[in-house]
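In what follows, a structure is listed as structure tokens, so that the remarks can point back to it.
Order of writing sets the labels: A, B, C and D. Residues in every chain begin at 1.
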Amino acid sequence: MSKKMLKEERVQIAKRVAEEFETGDIINLGVGIPTMIPDFLGGKEVYLHSENGLLGIGPTPPEEEIDMDLISASKQPITMSPGASLFSSSDSFAMIRGSHVDAAVLGALQVDETGRLANWAVPGKSILGVGGAMDLVAGAKKIILSLTHQSKDGTPKLVAELTYPNSGLRKADMVVTEKGVFRFIDETMYLVEIDENITVEELRKITDAHFEVSSDLKTMNQ
Amino acid sequence: MDKVISPKEAAGMVNDGDTLLVGGFGLSGSPLSLIDEIVEADVKNLTVVSNNLGEEGRGLGRLLKKKQLKKAIGSFFTTNREAVRAWADKELEIELIPQGTLAESLRAGGAGIPAYYTRTAVGTDLAEGKEERSFEGEKYILEKAIKGEVSLVKAVKADKLGNLYYHKTAMNFNPEVATAGNIVIAEVDEIVEPGEISPGDIHTPHLYVDYLVVNDRYVKEGGRYVEKNA
Amino acid sequence: MDKVISPKEAAGMVNDGDTLLVGGFGLSGSPLSLIDEIVEADVKNLTVVSNNLGEEGRGLGRLLKKKQLKKAIGSFFTTNREAVRAWADKELEIELIPQGTLAESLRAGGAGIPAYYTRTAVGTDLAEGKEERSFEGEKYILEKAIKGEVSLVKAVKADKLGNLYYHKTAMNFNPEVATAGNIVIAEVDEIVEPGEISPGDIHTPHLYVDYLVVNDRYVKEGGRYVEKNA
Amino acid sequence: MSKKMLKEERVQIAKRVAEEFETGDIINLGVGIPTMIPDFLGGKEVYLHSENGLLGIGPTPPEEEIDMDLISASKQPITMSPGASLFSSSDSFAMIRGSHVDAAVLGALQVDETGRLANWAVPGKSILGVGGAMDLVAGAKKIILSLTHQSKDGTPKLVAELTYPNSGLRKADMVVTEKGVFRFIDETMYLVEIDENITVEELRKITDAHFEVSSDLKTMNQ
């Protein structure tokens, strides 16, 4: 798969997740695809929470205005939007743990058919980084997973059962891949939107998780 | 009541085997001059509690490179290849703690709270060996306070009493770290008279700060701290 | 996203039997206009969590006088003679909590921490029925988080997003109270544009605040809030 | 006893407690006698912590500068000294609970001969106020009790055993009355200073608690 296609897939995902938000939402964006979401928010005013101590991430600064003491949780230079506030790590995670963040958009290595997710460690490899992943999984009001449907070698990421270490008891509310959009209702996975270039039958072939098809299935990003 | 000491005097307060609590998120808000001084002081067997180990060969990464560390406790070490290698070679113990739990446990350490319950990490590998308990039908684990012999923090400004003011997101873990050490040393770029930082702008009140050290090795250029003589 | 509502609309969000969390230390930092509005709204059987019950016939004292309170949870009611009398006449339940435990339990309520351990009150009458546990040879009791249906706070200034700035020691319990209610209503003297309160001066970030109400009944004269038409 | 004498006794106590402090100390002063201490500090620069959210209480303001939103824990108008800082109640009690306050000077209704104290409730009366008393008793590095030696009706306040509800497990380090100064060493009470107008024997008669007399007994406030 060419790099260009991968970029397009990622845009497809970011665009779709962006539709989920309403003006006023407080959102925490994980690394990777989620960082592309702000470009697709249109007119919606949402507030981006950065767990290293800021509410109100603004646009990326031009090179000459970069201050590496004003950075995102991905350690990228940022600016502050009007009304932004600064606070310490414990205050920042009090917001997350206390369920004051409306949605966390996270990447995932795997998600199972009930919504349980794995996004911090690979079995057999060193477990040396977790960051704020588990805090966000446990605390955000809504968990949206944004990931490519399969790994580079074609292995499904939407699985019947996790084989990677899970990130908590809390389950995802929604999964967005370049192939479709899934929601969980009572621990059952429903396909609610599908990419126009794939059929449900084809999707099942690249999805290890069992999913129901919504009676109201729509085409994605249209 | 002069709290200002030399970086060398500050480093002299760190002993072999100590647990150091260190502020910073990556290199931002990291007490770089103090760390360099400790590298030169040659103490060893240190346990460092900090979100990361700086970067490879920078900040806390230097203590690792010089093999002064026995153990690192924090939330994210994956991007420091030397840490990964040292861990694989069994030269470095690593204890992984979710970032929010790390911040809260440091706060608890400073606030006289020996332990608290959190939902974070329940049911995961990181909850292994931790006590589980339900409140109103939900599961939580017990997390213990974190304390240490010496706290090292970085503020952009202090007044002579030791009140600290942090710059933007360089604040991060520094306010919590400043409360949880037996000895608290703050590295600052500038020291002003009491009253010059207004009462509402003080992030860490002076009762937490034992010593002040002026950053004498790094200057900020193009938004980044660079070594003065590099 | 206009968070500004009328005091009447705000009072309408309080229902019979609700637990109200209310900021303030005595009358300082107390949402006086909101309280008066609730007095007029005539809801009853309220539980109020606040350090005090205002003063006799002022602030929260008015809810007591109008017999709208079932229970008061706080640290100090002795100086409000009406509270003492209502308690003696069994018209008012009182639950006494040490001041620091009250503050920490409200913080815990907002921070997703269901319970924590503290040394405060161990071995006293106020520890009765509370679980005791030792950590490193010292005794602690388990304290539970405090939450409520509605939080009422007072700030001197807000921006339109709901960021709050408190005036001096009128801050007191307000930042904690602002995190622990299902619905959080802030009474303010003034509302400014986003950006006018600088990022470092915001005490309560807007994600905690659901509604803003402008104080329309009290003005500050000679350093004290007095009723406009009194 | 005339009001004037009571005032003198209180001054005597406040003066003696003030001697205990060193420049740089962080002190929390309770209501009553402790509030008189700042007048007797001489040149010593100490920092007064007010549990409602301030470190650095300055002098009482003149009437025209009073702001009732800048008050002490006793709800009296105050000012801020240079280098003062403002914070919330949970941050303030984190300082106390976390043992960052060097000394708390508290009143007491009773103190027993081991140093245990009672300062918040009277048996048989309504228990409707505790304030920050128990937090300070549990958390301050040093507990200094300042109280008149007897209650108005002559009942000793230094007792063999508390009859009033205690304020915590933590014991006092020092007791200062207008008659003498007592320190606790290994749960034993030692008289270390005595007022010049009273003998040890007379002091024993108005003291229910057993105390040892320090081999180095001094005259108080001299």
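Going forward, contacts are C-beta pairs under 8 Å (C-beta built on N, C-alpha and C of every residue); 3 or more make two chains touch, one makes a residue touch a chain.
Chains and their UniProt names: B, C = Succinyl-CoA--3-ketoacid-CoA transferase.
Owing to the predicted nature of the structure, the values given are computational and were not obtained by experimental measurement.
The distance from the centre of chain B to the centre of chain C, with each centre set as the mean of the Cα atoms, comes to 34 Å.
Distance between chain centres (mean CA atoms), chain A to chain D: 56 Å.
Centre-to-centre spacing of chain A and chain C amounts to 36 Å, using the average Cα coordinate of each chain.
Annotation for chain D: residues touching 2 or more other chains are 54, 86-87, 93-94, 96-97, 138-139. The set of chain B residues touching two or more other chains comprises 104, 107, 111-113, 118-119, 168, 199-200. Chain contact topology: the protein chains form a pattern that is neither a line, a ring, a star nor a complete graph.
All chain pairs that touch, listed by label, are A-B, A-C, B-C, B-D, C-D. On the chain A side of its complex with chain B, the touching residues are 50-54, 65-71, 75, 77, 86-90, 92-94, 96-97, 121, 126-135, 138-139, 165-170.
Within the complex formed with chain D, the chain C residues making contact are 25-29, 51, 75-79, 83-84, 87-88, 94, 96-104, 106-107, 118-126, 139, 156, 167-176, 203, 222-225.
The residues of chain B lying in touch with chain D in their complex are 1, 107, 109-113, 159-161, 163, 179, 193-195, 199-200, 202, 205-208. Those residues of chain D that touch chain B in the complex are listed here as 23-24, 26, 45, 47, 49, 54-56, 80, 82-87, 93-101, 138-139. If you check the complex, the residues on chain C that touch chain B are 104, 108, 111-119, 135-136, 138, 140, 144, 168, 199-201.
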